């Protein structure tokens, strides 16, 4: 340990476990269809799409988390608790997914799903700041974060999505899909700053 | 990191977690029998056999995944997302297993199970290609994949299984069992190329 | 291995897995609300608060466990079983959480939740002693534990909480929240003794 | 890799994941009591005891598995599949536990639980043999296994337990408890052979 920080290994392993379980546990919500025809699968389509979207979000968070902790010099108490905050928000995703998956045309489930995603973004932002606080502001990672337009844009887009849910849940859901797509498109600049 | 690739460790750990949870979560579907006699277990036999088959498939994927990532030079964004694609397809297996396990004589559940297995094969193929793209075509692993008759045969067999499901679900299921057995028989050549 | 001890790695990985699953499995208990309005979420608030508290407790145990095994010289059979004892008590938390979350104004669920937390504290204390038994009493870690006022205070506070549950469940729950807050405030002294 | 064997790391991580999930998933079976009094917990006592016994068995297997793979020179295809066989048998334990926990006075659930434990013992024995096949018969580990009275006694005791279930389920359950206790008492000789 140097500078009051200890290594990231076990925090990463624990977080990996929680992300892996969240991503898999959502499937338990798929109750078997009543019949045995392909058409009996149709009512499950919205639930499936909600699961797909949440899977993408967890995958994005896992990936960003991976990069973030790789860049970190180490872990202190503040980083540990900020990480727990992110994991807590992430564990709310299956519940939000199940609710919106069953009621994708309803206002509250859609807005609530947007709120959960926003909470995750805020928790991630806090974790990122806790890690940046242990770094020099001139480090390549700190600079790449400074130019992090996605991180700054996402909460605004989530907010727009939440507000839109009260007008048209479907349009709101498209916005939330859009944010996921924005994140999946690779952020070459960060990777370059990190790995050269 | 070299050549824009980072190490495989955390991707493997995350994938292990997801595979381990999928393999275990299928057991939750075994609801307790209504009575307390051995004969009360009889209705569970098809579900048990479906679970056994899916367990074998996850074990095969875990094993192949293990070898594939061991051979990889490292991970980039494309590999990461191809891996997430495979994990997503794998998380659909418990649902497909439960449906066919309860309705093994019905067309749609059997065909649907075959479709899920085929999706997994396609996702694995994409992941393999993403990894091969980071390698020299003359590497021993690239050559061993070139001779990968199982990888080429499986999608054809899955397709045959899916079509057969519309004629005889039981025969289709035997084909899907056959593919699993084909994979369990060890592929000495790949192991030799990798470790030999 | 030295002095009859083997390395802590796999014990940590196994414990991480169990803690990660416990923390995530509690969310399965959140059954979907009956309606699709924000007001339909209201009945879930006590369950949510119980989940939040239990999440904090698991996070605290994970964190303390992390520090404890980091300080350990290694693992022997006694430590292995003491660790299993802690994991067993921890797996009871989801059940206790679900019961008190649905009946936060009832005596028995509140007292029972306090009893489970107390069992965890006792199991942790035994694990700590098993690890201390492999160390010199003059080691920095042994000294820091000697001054471990939180570890000594917690069982007393749990006991007070359990007794109070028979008078006022709500007051008892506040005591249990208080113990969690006491643990979240960082214990600089231990970190200093460990990492200098 | 030497002698056609590759390292044990990822096999251990995967097995740890499966054991950790099995041990935790059994708690989901504890459905909340109908009332809010301590007496409402009474009907759960047999389920709790069945859970405790199964927890001990998984802990014993995890511990023995840990020692076994520590002693192994490496993993080959046969060892990989023997390990999958053990994990498969272990995933049946939650189902057997739930059935006997709800019907501890019935013949079939008790005998069935004994059969599952026996299957695990057989699977472990096969895994042990696959690993021994890669070792010199003069290695300290091979010798310690040769004197492994517990491994030889357990299947006989399970068999006695299964037969006794048809006469008195309670006596049979005591036998199965006895086998667990026999394993928990530390086997100093193996530890000595392994770690000196």
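Each chain carries a letter (A, B, C and D) given by its place in the written order, and its residues are counted from 1.
Everything that follows uses one rule, which is that a contact is a pair of C-beta atoms (placed from the backbone, for glycine too) under 8 Å apart; a residue touches a chain by one contact, two chains touch by 3 or more.
Predicted model, so just to flag it, every value in this text is computed and none were measured.
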Checklist outcome for this item: Note, CA centroid farthest from subunit A's centroid sits on chain D
Checklist entry - Counting shared numbers against all numbers at the contact of subunit C and subunit D, is it over half, same, or under half, different? => result different
Next on the checklist: Distance between subunit A and subunit D based on Cα centroids, please, to the nearest Å.
Outcome noted: 38
Next on the checklist: Roughly how far is subunit A from subunit C, centre to centre by C-alpha average, rounded to an integer in Å?
Outcome noted: 27
Item to check | For subunit D, residues contacting two or more additional chains | outcome: 13, 17, 20-21, 25, 28
Checklist outcome for this item: As the complex stands, subunit B meets subunit A at residues 1, 4, 6, 10, 13-14, 17-18, 20-22, 25, 28, 77, 80-81, 84, 87-88, 91-92, 94-95, 98-99, 102-103, 106-109, 111-112
Next on the checklist: Applying the document's contact rule, which stretches of subunit D touch subunit C when the two form their complex?
Outcome noted: 12-13, 16-17, 19-21, 23-25, 27-28, 30, 32-33, 36-38, 40-41, 52, 55, 59, 62-63, 66, 70, 184, 186, 191, 195-196
